[in-house]
Amino acid sequence: MTTFSELKKSFLTALWFMFLTFPIMVIRVNTIDKIVIWRWRNMGYVGVASFFLSLAWRYFLRRKEAGSKRALSRTANSQTLLERISSERRYKIPAMTAAAIGIIMFPFIMNSYQTNIMITALMYVVLGLGLNIVVGLAGLLDLGYVAFYAVGAYTYGLLNHHFGIGFWAVLPLGGALGALFGVLLGFPVLRLRGDYLAIVTLGFGEIIRLILENWNEFSYGPSGIAHIARPSLFGLKLSFFGEIRYLYFLMIGMVLFTIFVVNRLQNSRIGRAWIALREDEIACQAMGIDKTRTKLTAFALGATWAGMVGVIFAAKTTFINPDSFTFLESAMILSIVVLGGMGSILGVVIAALILILLPEYLRAFSDYRMLLFGAIMVIMMVFRPQGIIANVRRSYNFKKVED
Amino acid sequence: MEYFLELFMGGLIRGSIYALIALGYTMVYGIIELINFAHGEIYMIGAFTALIVASVLAVMGVHQLAILAIAMLAAIVYSSAYGFTVEKIAYKPLRHAPRLSPLISAIGMSIFLQNYVLLAQTSDFLPFPSLIPDFKFLEPYSSILRPTELVILLTTGVVMLLLTLLIKFTKIGKAMRATAQDRTMALLVGVNVNQVISITFVIGSALAAIGGVLIASHIGQINFFIGFIAGIKAFTAAVLGGIGSVPGAVLGSFVLGLTESFATGYVSSDYEDVFAFALLVLILIFRPGGLLGKSSTQKV
Amino acid sequence: MTDPILDVRNLTMDFGGLRALDHLNIDIQQGEIVALIGPNGAGKTTFFNCITGIYTPTSGDILITAPPRSGAVAKAERINGLKPNQVTEKGMARTFQNIRLFPNMTVLENVMIGRHCRTHSGIVGAVFRNRAMVKEEQTVVDISYRILEKIGLARFVNDLAKNLPYGAQRRLEIARALATEPFLLLLDEPAAGMNPHETLELDELITRIRDQEKVSILLIEHDMKLVMSLSDRIFVMDYGKKIAQGAPEEIRNNPVVIKAYLGEEFDAES
Amino acid sequence: MKKSHLKKMTVIAVICTWITLGISGAGVAADTIKLGVAGALSGDLASYGLPILKAAKLVVNDVNAKGGILGKKVEIISEDDMCKPEIATNTATKLVSEGVTVVLGHVCSGATKPALDIYKDAHIIAMSASATSPDLTQSGKYPNFFRTIASDDAQAKLEVNFALDTLKLKKIAVLHDKGDYGKGLAEYAKGFIEKSGKGEVVFFEGVTPGAVDYSAVVNKIKRSGAQAIIFGGYHPEASKIVTQMRKDGMKTVFISDDGVKDDTFIKVAGKYAEGVYATGPKDTSSNPMDKAVREEYKKVYGEDVGVFSINGYAAAQALLNAIQKAGSTNYDAIIKALRTDYVETPLGKIKFDDRGDAVGVGFSMYEVKNGKYVELK
């Protein structure tokens, strides 16, 4: 492999991209005044950029392939740094202590904006962990997860608006209603597999949103519900910053609670059944696992978290309308699960933080931020298709019995 | 009766539009089992390319029919080129990755392409020139069928026919069918699988480009976001018909188009999409493989 | 003679216009090793799928009589139309012709899945880890490990199933099926793809399972040497019909059987 | 192994540093008066937000050139909310934590509502140049909210009166785009028609924005026998519907709102736009100040003013003027100044009523004549 042939390849790639981007990047037409603006300089930029990017792209792709071959040859030590920190005690305790201090100090060091976006990110951590049950563990591709999120949000929005019921009373109710809707959706789609399931769940999510949009008498339609009460703290009146801090710690608690529950679930009899269902549906049934029940519990438990986060969402924004529950939201949550590494809790946490905080920190790039965001999603998938942290199966303690 | 006919024609037009996009989805799915979320963007880029080329030619004062031909050709060439490139960048490196990873890559690509067009062109709606000439003989029937609509129906029909012939009778068509059935076997009997996948993307993108130009002429305006909604609907249609099946995609598109049209006409346009999705759910419950899809009994 | 533990009467299965099984009668007594043989496409796997609930047969009866445990009186039960998991719960477990393990779970977890239908802890138990649940979980682990030891897979215990050698994967399927505590084990071509040495080990393993675990066995197999040495009785199928049954010696010399097999080979050569 | 770990460590360290820098970037600036500008500055609704921001910059440059207010320079801090409620809370929190005194924004009503709750708690005044939801001022729940644009019910009232009284039409079809703005407006229109008793609503439905074809709904309107359509929504849908109607040979009167009173509508719908009515902010182009602003805008940015630029300019003026008059950045003092002191703006001399609506700001009806919106007197 000579450098020359590499350069030639990149040169051809650059030519190709110059051709590809020609009409859209170079020509700008003002159809009204019939003026054509030729922006030749853009073509130059594209050429130079794609030349170097293609060099880098192929270099990293080769490295990735070499890496995956190496990983195959040595099975035991192929964990990445993060995986090692998460699995080895020696690293785990200091890492966790540092993380704990960081988490507690965060809202006191950072300003309220930072805390606020962190709250949003934490909400997505919980959503990601919830969807992880359905997609990551049970292998049921759900593209309408946002429907349950909407159910939770509207539960609180409506109950608070009409009856003034408080946050803490509705939180479990939102979860329960989420679960109920999970089962309602689960029943008709039990027979469907794979991508058929995906499109039906997508349709279900859209149906819920459209109903919220059109049924004014019930949901106040697109103008939404305003003035939803923020969570109360033993009846204390908090300052604005106090409320943000309070919500932050509430979310931290929620995240810890979710991690605790999901972790226990996935290492239980039910969790194993979910994974078996994901791995091979027929064998799973043949081993005596009730497919219907297992699927329904996955849907219901996944939806529970969405319902609860929905309640928190309504309390945080104090205003909800159907626009917040579009398909893109579902896609975002799904991306968190896949990017994190299906079934891996730590992976989902990291992915949620990246995907939600990234657009905020990309504000500096203003117009380009969504462009970069899309590109980063592609790049991460190409170079790390198994997700940030590939899920590691745990090992069990067992007694050796002498016969 | 006239009202019924109007709605019926409206449904057919919608169906044709969905079909042109749905075919790309279904072909790609048939070959590599990927929901290509960026497909709607390919369609959008086709429409933009046609708009840009047509405007430039119009400023230069070229004849209308020549504009139509050149703009259409440019749209097809560029959409195909984009489809081809997207596959090489975002899907090919993921061929052996976990099943959902290419899906996320596709979502990322879709966001990227939308914003690329937004930044390089504009966020505003642009008026799309009516490239299709007015046929005098249609004037008395203008409330039922307009020239653009006639062209859309005819083009869709011709394209379907050509595609069926291509898949049934040509060498590449056979290779595509073989790859769809069993990629490993196809590889073993000497099919260049990578090439087949590329060609599938190119053909699917070309169809989307044709759809893009026709739809844009029909509704008279485009912006960077048109691909998303049309894409979701077309995908729904493809699944409705049985994803992976070419006649299924066409049938599903017409069923969806007619349902929407009649739901609006006889019930309410408020719940037009609710009807569309409810129909999808119902059909899949009773026929889990879609209308013309393979029965989903798995081999044990 | 007691009731057969599995009694299949006039079992018929149609796929559209195609009759895959045609009034099939098969019975298995407790403690037997029975083989089901026949040319490719004879309908053997379809038969398995019918009696394990993956397909619902068109007509006929599948009756099972679970062997009495602790002195209870056994009663025949018709299991047509039950779901696969219910069949497994009744006490019939199977393996698959094309291995269907859970590739990304460890060997131990694969076996633990088999214990699912014999355990009960639910969501609440999983979250709160109450004492009963912890105890149940540990028992599951212990039992599963013991099964692995018996099958000779203990050294792979924490490996992912997909990383096992081929022969070990076949044995793991048997271990997983055993974990469901069946009275009848249905093996679909357990020796396929094994080398002669592994086949010999399998022969020994199957006999051992029957003797030690008190499990009856029905197997589909093409390896005639294995079939002849293992089986107490053999059923022969062709084109969905039973064409012969009897002890290995009788089958070996049955002209109908020979014709069925020779005919197939003859076809294959032409 | 070791080496690759080291590399990964470095990468992580770099990322951490980058994040920390990003975080601490929001430092304390010099002693200035901060004017927050919030709204859709990116995405598909940026064409509403950016012209407001640009207009505000003109005002601030002007004020600073004259020495600022209260002896301090004015500084603009702009943040994007993409018109999404959940992002608007982040935007609002960011502005609050950067210590803005007043906010010009937000652009969309849906995003404005949750943001106002945050500003209210932080004692910050917000003034919008484009949020027209009646709820914002009429509910009485946002004492810190003001606006330089009239609310939707006024617009709906104008549309209905125009159809019933001026054009003397009886059968009205009311159509909307299912959005916050469009549907709200359509519902007011429906209510006014029913209450007036002079006409009837023969059709009330919403269309799906972005759909590939509207022929079914157009056919349905035709069948309903409506003489006029009142449409609540934005110009992309309006132009599709109008085009489709006219191509089908329907001559039904089309009346719409300030979401349609946009030159893009005329550009896109072309000849079919002729004769379409739309309400919009009163034409103030005869006001010399308005003329000056339009000229300055064109000179500075090389383009014509956007939809809400003039309202944005007026809002920025009103806010800064109130601070000047109040003599401090005290919340109550500014509110009092806004309610009592008139300020000269391109919209005319304005002050605000108790609910926060600008006195003397209203809508007029426009008609497309020869490819231009012309105000009807």
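Letters A, B, C and D name the chains as they come in the text, with residue numbers starting at 1 for each one.
Here, a residue touches a chain if its C-beta (ideal position, glycine included) is under 8 Å from a C-beta of that chain, and two chains touch if they have at least 3 such contacts.
Here the structure is a predicted model, which is why all the values come from computation and not from measurement.
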Length of the shortest touching-chain route, chain C through to chain D: 2
Chain whose Cα centroid lies at the greatest distance from that of chain D: C
Pair joined by more contacting C-beta pairs (B-D or A-C): A-C
Whole-Å gap separating chain B and chain C, where each centre is the average of the chain's CA atoms: 48
Chain B-chain D separation of Cα centroids, rounded to whole Å: 36
Centroid spacing, where centroids are CA-atom means, of chain A and chain C in whole angstrom: 42
Euclidean distance of C-alpha centroids - chain A vs chain B, Å: 28
Sites on chain D at which at least two other chains make contact: 43, 178, 206, 267
Residues of chain C engaged with two or more neighbouring chains: 54, 96
Numbers and ranges of chain A residues touching at least 2 other chains: 31-32, 214, 282, 367, 370
Footprint of chain A on chain B - complex, ascending: 29, 33, 35, 37, 45, 48-49, 51-53, 55-56, 58-59, 74, 78, 81-82, 85, 89-90, 93-94, 97-98, 100-105, 107-117, 119-121, 126-127, 129, 232, 235-236, 239, 243, 270-271, 273-274, 277-278, 280-281, 284-285, 288-290, 296, 298, 300
Touching residues (chain side chain A, partner chain B) in the complex: 16-17, 19-21, 23-25, 27-29, 31-32, 34-36, 42, 61, 135, 141, 188-189, 191-193, 195-196, 198-200, 202-204, 206-207, 210-211, 214, 281-282, 327, 331, 334-335, 338-339, 342, 367-368, 370-371, 373-378, 381-382, 385-387
Of chain D, residues touching chain A in the complex: 1, 5, 8-9, 12, 19, 22-23, 25-26, 41-43, 79-80, 84-86, 89-90, 93-94, 96-98, 109-110, 113-114, 117-118, 121-122, 133, 135, 139, 141, 178-180, 182-184, 187, 206, 267
Touching residues on chain A, where the partner in the complex is chain D: 31-32, 77, 80-81, 110-114, 116-117, 120, 213-214, 216, 221-224, 226-227, 239-240, 243-244, 313, 316-321, 323-324, 357, 360-361, 363-364, 366-367, 369-370
In the complex, chain D residues that touch chain B: 43-44, 46-47, 178, 205-208, 210-213, 215-217, 219-220, 222-223, 235-236, 239-240, 243, 247-249, 264, 267-270
